[in-house]
Amino acid sequence: MSKLVYFLNGPNLNLLGLRQPEVYGGTTLAEVEAECTALAGELGLELRCLQSNHEGQMVDWIQEARSEAAAIVINPGAYSHTSIAILDALNAIECKVFEVHVSNIHARETFRHHSLVSLRADGIIVGCGTHGYQLALRQAAHTLG
Amino acid sequence: MSKLVYFLNGPNLNLLGLRQPEVYGGTTLAEVEAECTALAGELGLELRCLQSNHEGQMVDWIQEARSEAAAIVINPGAYSHTSIAILDALNAIECKVFEVHVSNIHARETFRHHSLVSLRADGIIVGCGTHGYQLALRQAAHTLG
Amino acid sequence: MSKLVYFLNGPNLNLLGLRQPEVYGGTTLAEVEAECTALAGELGLELRCLQSNHEGQMVDWIQEARSEAAAIVINPGAYSHTSIAILDALNAIECKVFEVHVSNIHARETFRHHSLVSLRADGIIVGCGTHGYQLALRQAAHTLG
Amino acid sequence: MSKLVYFLNGPNLNLLGLRQPEVYGGTTLAEVEAECTALAGELGLELRCLQSNHEGQMVDWIQEARSEAAAIVINPGAYSHTSIAILDALNAIECKVFEVHVSNIHARETFRHHSLVSLRADGIIVGCGTHGYQLALRQAAHTLG
Amino acid sequence: MSKLVYFLNGPNLNLLGLRQPEVYGGTTLAEVEAECTALAGELGLELRCLQSNHEGQMVDWIQEARSEAAAIVINPGAYSHTSIAILDALNAIECKVFEVHVSNIHARETFRHHSLVSLRADGIIVGCGTHGYQLALRQAAHTLG
Amino acid sequence: MSKLVYFLNGPNLNLLGLRQPEVYGGTTLAEVEAECTALAGELGLELRCLQSNHEGQMVDWIQEARSEAAAIVINPGAYSHTSIAILDALNAIECKVFEVHVSNIHARETFRHHSLVSLRADGIIVGCGTHGYQLALRQAAHTLG
Amino acid sequence: MSKLVYFLNGPNLNLLGLRQPEVYGGTTLAEVEAECTALAGELGLELRCLQSNHEGQMVDWIQEARSEAAAIVINPGAYSHTSIAILDALNAIECKVFEVHVSNIHARETFRHHSLVSLRADGIIVGCGTHGYQLALRQAAHTLG
Amino acid sequence: MSKLVYFLNGPNLNLLGLRQPEVYGGTTLAEVEAECTALAGELGLELRCLQSNHEGQMVDWIQEARSEAAAIVINPGAYSHTSIAILDALNAIECKVFEVHVSNIHARETFRHHSLVSLRADGIIVGCGTHGYQLALRQAAHTLG
Amino acid sequence: MSKLVYFLNGPNLNLLGLRQPEVYGGTTLAEVEAECTALAGELGLELRCLQSNHEGQMVDWIQEARSEAAAIVINPGAYSHTSIAILDALNAIECKVFEVHVSNIHARETFRHHSLVSLRADGIIVGCGTHGYQLALRQAAHTLG
Amino acid sequence: MSKLVYFLNGPNLNLLGLRQPEVYGGTTLAEVEAECTALAGELGLELRCLQSNHEGQMVDWIQEARSEAAAIVINPGAYSHTSIAILDALNAIECKVFEVHVSNIHARETFRHHSLVSLRADGIIVGCGTHGYQLALRQAAHTLG
Amino acid sequence: MSKLVYFLNGPNLNLLGLRQPEVYGGTTLAEVEAECTALAGELGLELRCLQSNHEGQMVDWIQEARSEAAAIVINPGAYSHTSIAILDALNAIECKVFEVHVSNIHARETFRHHSLVSLRADGIIVGCGTHGYQLALRQAAHTLG
Amino acid sequence: MSKLVYFLNGPNLNLLGLRQPEVYGGTTLAEVEAECTALAGELGLELRCLQSNHEGQMVDWIQEARSEAAAIVINPGAYSHTSIAILDALNAIECKVFEVHVSNIHARETFRHHSLVSLRADGIIVGCGTHGYQLALRQAAHTLG
């Protein structure tokens, strides 16, 4: 039976492929979710794909993953840098957490250099474009054995 | 007639007793609310118990308390450290404000040491576990005379 | 045909005229919106007036403005100082952005001195009271030609 | 048999009720000690009340409490912010430690925002006026069971 | 009778329209002064237009405005960020002060982000190009009633 | 009747004239006290001269001055830079406070540049050698009228 | 024809699998190189595996890669955080650069949080254990098309 | 023969007695100069009284004092905190330098706490009101013997 | 025809050779200007030598150089470290700028380590004594071809 | 004749061997003093062993050592990090000073990393447990020849 | 059988006795090694003496000590303050580590105050001149029992 | 007889002319060395040209220069900003030291603004391109007389 993975995207990631393509590439979120769902199947994983611009909604979903998911792949977007609430929610659960950033946040503005979520993550993929989500899934599959 | 006290809990406090018991203890939020409602009765207070993971919802409720409540007992959780919006909402109202933190935030990570809400609070109870809510109610009763 | 301008107000600005009048003046948000709608008409602009205490809601509306609005006049309130999500949403759109602060944020607490939104704004009006919204509209009209 | 609690007050707290009543209230230290001794009796505790302006004396007393006391209720006053010696003395003993600040130190000058004693405290009561000592005693009684 | 407004420009603003037009636009100071004088007339104000590269001269003029002017519209240029002397001069007078920056100083080098003059200003217009001077005049007229 | 002035010297000032004469000069504390007592007489003041190496003792004496003295002339020595307890004691009293530093603390090590006592002082004399005590007395006499 | 990839490991990575297995896991560098060489073959890449404890040697090899390699996979180890020389060498070449850290550097000591190499990297894999090298190879293959 | 003392006042001190009397007192600069000239005569000193709002003028006068004056009494006003040029001019001369601040700069805004001129001064009088100038003259007379 | 070079010296450099010879050497500004004028002739350059203690004057001259000079050799003295006005003036012109410091500012007080002018300079000569001016001229000649 | 060495221990060191043995080891202060007195005899030194929790007492004893001791071996405990008074006392005497810390203060909390006493010490022994006192005595004997 | 101790000296320590004798004393490294080898023999230790100016070489030797040495006595010289690579190498081994600094690094430039190696050291000897190496050996012998 | 000058280039300077020509120009290191050798001959100097990417090698060569060279011309490249070892080596020798940076390091990333080598240099040439080496040689010749 395949393992459930929450596939969470935070604020403005619904605009992937539509905004600033020189930073975030030209693939839309729908395309990313489709590609990743396919790869997940190959890896014995099942994805639940969710996106929100609301920090509280992200917290709600992470809490919901608590009793259901084997892993979370999360791109917290802008909330990476300021949300202690998301960090606390992740600290409250025991499944594996893999963090993805599409662009290289360490080469952008200073306020993007530090991620609170990284304090909790079991793996971090940065700057690999939307292909980074696939790497995160592979790492999840590898870790979950 | 008993005085109305808003009893507000912020993000992840719905998991009290369920997550990291070595940090937050083993009492659930429902139990806390029940104990505090009982104590409030003894002290001539009436509680309205609310919890949300959404910063905006916290602001909405504080604004709502504006015309109704004699005091607010609030554990803003993770938003304590970053939410100017909650601080502004509290500054916009005139009732007494008592802040509770279940764990000793001053002995944890640096980003938990400072609370914006403390700039406004009329009393702060830190690190007394879930019993701290009861101390806050006693202080509210004492202050409201 | 008049150009559409999103007229966005952030947390606690629904209390304009009701809270701390020595800081924010005595005009209510409804009055501000009425005055500005009238002025907009004179300037060939049409306003869509929205207010929320929720950061995520602000992001949703900015994204919505993406395909509709010629300009945004925004008072992000407390989120000015911490919301990378709102900044990212504004970076994702191409229309003009005018930022308003009713009080002089540079003469208040240190944590109000810096606005992330200002990194993106095409014009910033600070400390002019609620009249500042009218100046922002005039600047919008001037810029949109 | 009642449990012994050291009730320690640091520098300038002998002036409680006499200095800056707008900050510290109008109750004198003698009155505080009397009220608290009475409450302690109800709670099955016995108080040993001590006050000094000397940091070294505070250290001496904490060391003395080592073999005698079940808990310490301490308002370290100005030494809260700078005394590693008091922190070290508290680290050298095993009884419970409850810290009290009469005024809201987090809303005063920056150099009062951080307390070294809080690194060790089992509970912290801030800004509740002289009533805060009573809350500390209640928390001590609660913790000591 | 029209009210006198000092219209002060600081260092390098005599080069408006001549230097870095991508930053400051293509309108010259003479043109700005002409446009603003016209608008002032409509608004019942009279302008005294002055420009200097000398900090001391700016102080002299502000002191001179003390007994004559109803308001000052000032673009302190580079001195905004370092001149306590200009701040002190403005603190020594009682008329209204409106600060203008042609470019968006908050989106440029760090040393341009903070303005000492803003500590005193009754209104601040940033990044609106040379049109910002007109907004400042409108705000002056609005404030002076 | 002459007014009482507490003349307080802090740690290591009993070594005046004996240690590091290139920094502190060659006059002993006894000589300073004698000269100042004489000058005080001329100025209608009476001195109570006290010195201690103990911070707590300094606090005790300041509290004692509370009900007796018209002014305090104090050289807090090393405690100037770290003692919130002495600052608090001075804040608790209402008489005038004049601070003296024999050497120019602003031209020495960084940790001597800031004095907490200066937050409260009604006059500060720095780097005038032991003659600075006489200036402080003159200022006291001038202020007390 | 397969593309050449430099596979560079910095100081102490020759001890992989031998030191602190709770931090770095139990796989040796030889095993990592063998696994990655195999995977590289599948992906149409050829690896040149090199390790040194010498910063200067790392710089020499990166310069050498200049005219030969299509990509560099590099774990700069301790030099990540301090070596401007390695950054400059990477800036001097045009091939793709993928950075790997076996442990989660963002959850360790502060001095490991920032990597100079990340300023240049085209992809960064952190905290995925030695499996992270394989993810880097996959990203290289994906990027090189 | 009396010794020449330059008596220099910096920006806005020409407004002494006219601006913010709660900060600077009610004595005008002309009165201060008259009182001090009289006292100087008693002390065997001759004053040359000068005031300017221009930093460069202050530098010019200090250079001029180089070959003429036995001492400088200087209140650099706002330039105290930022003018390396004035510091350098004072470093270039050998006569004694006494610095005066009318208000207690250490109890005002942070940017007034540090004086570059203090790095060079042979004596500093702070917060003694306009009487501080007289203390500076007495110190000058004492030092010059 | 020789190219015009503005040869500007800032505050206190009129005292070259007269003040602190252990820091600045024994050559006077007149001698420097004579030597450099001679060398300039050999290099096909013509010098306009100017010195002022006034920041505003420096700005005026730089603006004047705008339409006349092929290059500026400037020693901004103390203004190097604080004058955004001079930086802005240099940014407003297009000719080459060469910055000279007679002493090694990087080995002196911290506040001399950073030069705003260096952000704009096309070449910087530090600590070469008054001979550094000649190096700057050679570099100007080399650059102007 | 043997040389006198003051052997001074600061706050909480009377608890050596009794508190936190995992940090400070199991040897008591009495045992340390006995061992060191014996070693001192072998090395031709005589010890005067003193301990206090009072900063002022430490200062008193250092001043007393002034005319008597050839060297001071001092473990200032918590006062190492904050006591300018002890530093000043040590600066006022001419004998050799050797500083001992039982635990490795550089690997503990940040506020223990810096010792003011180290600015004056002629030798520093850190983290060698109570055996470090013996090393300090050997260094004293070596230095005193 | 004697225990092997690596005796490592870092950059520029081959110049001991030759450079800056006022800082480092007049004993050469060869003399230090000879004295220490002799003392080691008495203490039942055997030394392997090595020196290099290369950070990578230091790392290589520490790794080599891994399987051979009972302890390392190391003076990392300039690399103390910046080398995470040396720290990591020391963290990778289990033998005891004793750190020596000939001069008092805490009383020199700020960048010498902090040693990364001290985070790992089992004992630190600072400012005892070349005799400090002997103290380190004694501590090694004491610890190894 | 000509004087020997070590002509040292640090990491990545072997790529001069090959990498980032918009930053470093198009002249190769071999060409620079040839031009400078020729100019040295004219100036009565003899060059020994050396380049390495290894910090330790730079230290070795500086030590070697100790007994041979009259001056060192050094471009420490990336090591300028972090190498205390190179600074110490330069401090250990007595010949003159001239530092060259091809690009304007003060206008690049923050971590390039500060050079440790500048603390020791007798002259610093920045941003003059590869022509800066010639200026350094001229300054060497001038200084060596």
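Letters A, B, C, D, E, F, G, H, I, J, K and L mark the chains as written, and numbering starts fresh at 1 in each.
Just so we're on the same page, a contact is a pair of C-beta atoms (placed from the backbone, for glycine too) under 8 Å apart; a residue touches a chain by one contact, two chains touch by 3 or more.
Quantities reported herein were computed from a predicted structural model and do not represent experimental measurements.
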What's the rotation, in steps of 5°, that superposes chain B's Cα atoms on chain E?
120
Please compute the C-alpha centroid of chain B, do the same for chain G, then give the distance between them in whole Å.
48
In whole angstrom, what separates the CA-based centres of chain F and chain J?
31
Averaging C-alpha coordinates per chain, one finds the centres of chain E and chain J separated by a number of Å equal to 63
Taking the mean of the CA coordinates per chain, how far is chain B from chain H in Å?
55
Among the residues of chain J, which are close enough to touch at least two other chains?
54-57, 82
What's the complete list of touching chain pairs for this entry?
A-B, A-C, A-G, B-C, B-D, C-E, D-F, D-J, E-H, E-I, F-H, F-J, G-K, G-L, H-I, I-L, J-K, K-L
Would you tell me which residues of chain G are touching chain K in their complex?
10-12, 14-15, 18-20, 52-57, 77-79, 81-82, 111-112
What does chain A use to touch chain B in their complex?
54-57, 59-60, 63, 82-85, 87-89, 91-93, 116
In the complex, go through chain G and note every residue touching chain A.
104, 106-107, 113-115, 118-128, 131-132, 135, 138-139, 142
